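Next come two complexes, and both contain chain A; in the first it sits with chain B, in the second with chain C.
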Partner chain A sequence: MNIPGKKLLLRNEMMLVAAILILSIVINIKSPGFYSFSTLFDLCRASYVQLIFGLGVLIVIISGGIDVSFPMVGIFSAYTTITIMDKLHFSQNGIIIPILMAIVIGVILGGFNAFAIAVLGIPTLIATLGTAGIIRGLMLAGVGSRLIQDLPNGLDHLATSTLIQIRNSGGTLSRLHLLIIPISILVLALGWILRRTIFGRSIYALGGGIESARRLGIPTKKLQVRIYLLVGGLAGLGGLMSVVLARQADPYSLAGSELDTIAAVVLGGASIAGGYGSVFGTVLGVFLIALIRDNLILLGISGSWERAAVGALLIIGIVTQAFIRKMKKRETQESHAEVQK
Partner chain B sequence: MKQTFQNILKGQKKDGSQSQLFILTIVIFSAFSILKPHVFFTLLNIKSMGFQIPEIAILGMAVMLSMITGGIDLSIVSIANITGLTTAFMITQHPASTGMSLNLWIAFSMFIGLLLGLLCGVVNGFLIATVNVAPILATLGTNTLFNGLTVGIRNGESISRLPKQYVRIGNGTFLGIPMPLILLLIISILVGIYLNRTGLGLKTYLVGANRSVARYSGIEDKRILRITYLGSAFLAAIAGLIISARVASASPDYGADYVLLSIVIVVLGGVSPTGGFGKVTGVIMATSILQIILTGFNDLSFSQFFYLICQGLVLITVIGLNISRSKNPQKISTYVRLRRN
Partner chain C sequence: MQQSEFSALNISKFFGGVAALEDVSMTIKSGTVHCLAGENGSGKSTLIKIMSGVHSPDKGIIKLGQTEFKSLTPITSMMAGVQVIFQDFSLLPNLTVAENIALPSLLQGNAKVVNGREISKIAKSALEKIDISLDLQSYVEDIPVASKQIVAIARALNQDVKLLFMDEPTTALTYKEVKKLFLIVEQLRKNGTTVVFVSHKIAEIQEICSRITVLRNGQVALEGDMAHLTAKDISSAMTGIEISSSKIHIAEPSAEVLLKVENLSSDDVVKNVDFELHRGEILGITGLLGSGRTELAECLFGLKKITDGKVIFEGKEISRLSPPKSKKIGIGYVPSDRLSEGLFLNQNILRNLIAATISNYRNSFGLLNKNRMRQGGQKWAEIMRIKTSSVDAPVTSLSGGNQQRIVLAKWLATQPKVMMLNGPTVGVDVGSKQEILSLVSEEAAKGIAFLIISDDVPELVQICHRVLVMREGRMVQTLKSDEIVEEVIYRELIK
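Up next is the complex of A and B:
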């Protein structure tokens, strides 16, 4: 039973690539002209925010935890940043200062999570549930609950910045958003950190089991603190990007999106039990969900069934992963049996 | 009276968290009663709490059942909504021409709604027990699917103008006691009997305490899991009926934040997230505590955002205290031993 390349074929990423290809071919048959730059660019734009959040969720899931506070961290950081910029009237045109400010606020809020998880030892789901409520309450009661429609000029300008413009045959313009560059860099950097650095490998080890990680000599508490600070920073960035792309700061937005993002990451092959997951898989998971969400109408399915389709796909993905895991397990058992012979 | 007092004292020795909750409930209730005697400590106010507590408490019990087996059910609100919406839709389609009485038709609609809820439970049980998917994942997927189906059925529209006979289930009183509260009482007694006085209940705890040990002791762990998720879905479906009757309408998006709220309640109520431990009384007291805080804050005309902060703080404090107080992993086995004697 040794088919060359079987291992590669059974990888979760390959399944996702296949799913994306098949789905896009079907859509293209139903509505020719689907394969175009404008579709691709739109899909990218629709994925940016969820991708940034997804990367944070991925890191937490690999480490064996679960985070439901990231949308609150994100919108708190973004809303507070915009409010401060508004009040102080400074650096209207800069974009570096607000981005840094949002990241720093995110890191501070991530510190709440780090404290509850690493210091108090509360299970991650419960700790982040608690901090999510506290952070949301603090924002709405302390910072403000009003919709801010005029963003600082710099950020507003960023919302419409384009990297490439392509004139279609129809005369319409397809725009690839400038954000593709920083986000690609972020994706590559996190992929590198997770695969190549001691910090990244320790995260996988922690997900394999806290006790075994400790026996390996990994300072688990310190590592958890670092993870939740990093994830807080990512959430802050993601929140600011969502505000920039929406071109308004709505303190009530993002609430309730946590389960969707976790679903995308899980579809991307991250194991909720910890220890497994890749950046590439997360990118594909987010992309696949965006593809379905935005193009179901082209398949002749009414838009109101979009959520059901995403749910069905998610279940198919989860079940496939379960079967692959079973097959792999059987294979290892067989090879063990052969060795013993 | 003396007997109950002694029981409470005895309970304190057996299980600190229950009496701790009991004391907390009384302290909070008295505090608000003293602060606002003419607004908070009135029959009207207490009655209104009696209308609001049941639906969340029943959802909490649904989560508790799954958590006792060491899992979690994130799909409860979707199941509640799919039941509520289907029932409401069927009621509005009453075929007056056939001469079937409205009351009978309402009962029939509720039956169909509950059946649909049970079907959702079968799907959850199949994924978790047969396919062997992690409960948090399986129900994350089915949550999206069930919610999507609910949106799809009616194009995301809500249904209102329900007949008086149905609305009475959620708004009527019997001997001055709110109907939902009576339903809650009946359901909690039934769930309590199931967990404490039947073989299935004991097996549920044992599967949660240690699944492999339970399996090697001859307990059909998969069957127990299937029954548990069926029970959890049934409770969620009942909550869905109560919700739609109380607000006299049904919508696919109702109570999106109830998922996380019911987890907060269950964990606050002393149910162990790792399984093997949980009591009905704990869940009801935890619901009451949160509701008293919410109503009390309203009466003190605090912003509802303070309630969010408070909810998070209470959760983290109580869990933090529990963890630091009982750092012995013996707790679960002690509990099982106590029950055997």
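Up next is the complex of A and C:
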């Protein structure tokens, strides 16, 4: 009954890997030359920001909540940081200070969510919808609504920092952005936290059932506060990175990007009902959506279909996940029935 | 070992002016299995919550061993060695068996980092205490109920438990699984754990407990040694009335065959089943978990695909059954899990009562007539003797017995010819159980045929004309009038 490797095949992550492979093969047939470093590096660059946001969303979804405020938290943190830098005529090469500042602002804004959710007990969707509105209003009315095009020197340099560059046969250069290193570290660190720390396992426990988690001895309110502070910090970082990569601070950017990010995380195997999800799945989900968004045109499909493609993918992904769960459940019950005999 | 005791002394607890407990005292001798019995709403849960620190009492003291407490918190109670296995087990479905067992002790030990090997080690050692091995890496949501219960027990054992409350632990278990649970309880007792067994199933209480405290309306109705008490003493203490669990009067069924099942099979779970059901007959179908008893009912209601055989209803062969079709021709089914499958939990009593017959309350424009809905709901609440101040109250405010009557009423309102009831009195207290069974016999006398799927043997004895026994998907025995006695059915069940 036990086919080796069956367990591996039945994992959601493997389905995503397969989807990415098949899609890329099809694209490569339609448009030879797709398989190249330049494609890979571009895809990475297109994924960085969504990945940072996605990690935050993942944590919230595992804990049984949903966060729609992260784009606003992100852009508020980034835009305010740039504005302050601008006012202070901070034009040095340092990048630590602005990054820390954006993260701290993100954590403070995350505190709004934490207060609304853990203290006032408001459902997470409503709470974050509310804070998103407040934060946007505060930024546009209080901080500014002007497009800022000159970033501090350090951040500007970061925008074009390259880790590796490879000369293509055509003579053009393909560049892998330096950000791949800190982002990989972030991904690994969060993966470790979620799998191997009591804090991480408590987040899963919270998503499995808040009442059961409390009876287990988990301080659920304190945990929620920590979750939303952490996620706020991640959103602040994500916001600043989006500004860096765009090389301008546009207060109107990022609005509306929440649905794509949530779709990527859910596609990555996170259950909207809470309790399930993995960092690896989220990485793949983000990558798959970036692949579709950037390359639909190579398949000869009009860019207008991008939204429809992401939507269809989401539905197919969720149906597949439900199927996988059913198969797993059947297998487990069979093996337990054998034990009982 | 030192002879210490656990006691609650003169406890009173009020909720908004209503007394949930009034001057209740209970003393549990160390190293015994003590029963806490009482009907739903008698104050059992409140007492458990007070002893485990969830609620604090308004009056009275709690003694755990040598220490006296005016009130407890969940942490102090756990530190003193009190653990509760709640009826819903309070497990986390999305975590593994090992994590569910090991997490609380890791949390208490203030660990920051975990590793899989350590978790498995903790879980394994807890399971070894009760001599059971489970697949530690399975997700809890995937494992059967009996295994979930074992996980809950192992988790409690992990935390140096001295006093273990088990809140109605047998509700979801079959006969065989209950036997296994009793062995575990006995082993716990031998190892020095004191167990409080909360139940209202008298046969089980008599088998496992040495002392009993019965609560009724928030007061102690009876406390004593099991050796000096009869089943009748206990049930009258619980209900406050004398209940005879003798056979309920059932009218003779008619000779007319209403439903005939020939050679029915479904995959590997139901195999070549034949039987006839007469108008007005109450037919019991029993068997252990996995015997195919539930699947048989699901086939007849169209929930499960029939792979072979015939279903003949009122002389006509019925093919391709589906729930709407079954409902239309007059077959009703009340599933065993009434909470998730039989009730709209967030709706009121009235709406639940008329849910299956909602189309009867339309006026000529197709809109619902509120007055007639109310009349209809109230009529059924009366017929079913549902105890509530108003039909507008939420259905969750009712006790298990009253909820089950609502599910029953909902179906009877559709005027079915055949009613299939799966575990009709599971989780229902003694008093309500008798009322539900009398309702069934009254309706049968009016000509409805009942299929009672159950492994509650006394209930089958009380009410059935015939009892069919299933084993591994097959119908292996038909018991008639004189053969329907408890010993015979038990023997057939565990053969």
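Methods note: the second predicted complex is superposed on the first by the 326 of 341 C-alpha atoms of A that agree within 3 Å, B and C clash if a C-alpha of one lies under 4 Å from a C-alpha of the other, contacts with A are read in each partner's own complex, and residues count from 1 in each chain.
Convention: contacts are C-beta pairs under 8 Å (C-beta built on N, C-alpha and C of every residue); 3 or more make two chains touch, one makes a residue touch a chain.
None of these values were measured; they are calculated from a predicted model.
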Item to complete: Please name the chain, chain B or chain C, that touches the greater number of residues in chain A.
Response: B
Worksheet entry | Touched partner set for A:Ile27, first chain B, second chain C, both or neither | neither
Discussion item. Quick check on the superposed pair: does A:Ile122 touch chain B, chain C, both, or neither? Answer first, second, both or neither.
Written reply: first
Discussion item. Let me test your reading of the model: by the given contact rule, A:Leu58 touches which partner, first (chain B), second (chain C), both or neither?
Written reply: neither
Worksheet item: Looking at the overlay, what does A:Lys329 touch: chain B (first), chain C (second), both, or neither?
Response: second
Worksheet entry | Contacts of A:Tyr276 with chain B and chain C, given as first, second, both or neither | second
Fill in: Touch list for chain A against partner chain C, complex
196-199, 201-202, 204-205, 207-209, 211-213, 215-218, 271, 274-276, 328-329, 332-333, 335-337, 339-340
Worksheet, complete the sentence: In the complex, chain C touches chain A at residues 74-75, 78, 86, 90-95, 99, 103-104, 106-108, 111-115, 133-135, 138-139, 141-144, 146-147, 290
Discussion item. Could you list, by residue number, the parts of chain B that touch chain A in their complex?
Written reply: 74, 127, 131-134, 136-138, 140-149, 151-152, 155-156, 256-257, 259-260, 263-264, 267, 273-274, 303, 305-313, 315-316, 319-320, 323-324
Practice prompt. Write out the stretch or stretches of chain A touching chain B in their complex.
Written response: 66, 68, 116, 120-123, 125-127, 129-138, 140-141, 145, 255-256, 259-260, 262-263, 266, 272-273, 302, 304-312, 314-315, 317-319, 322-323, 326
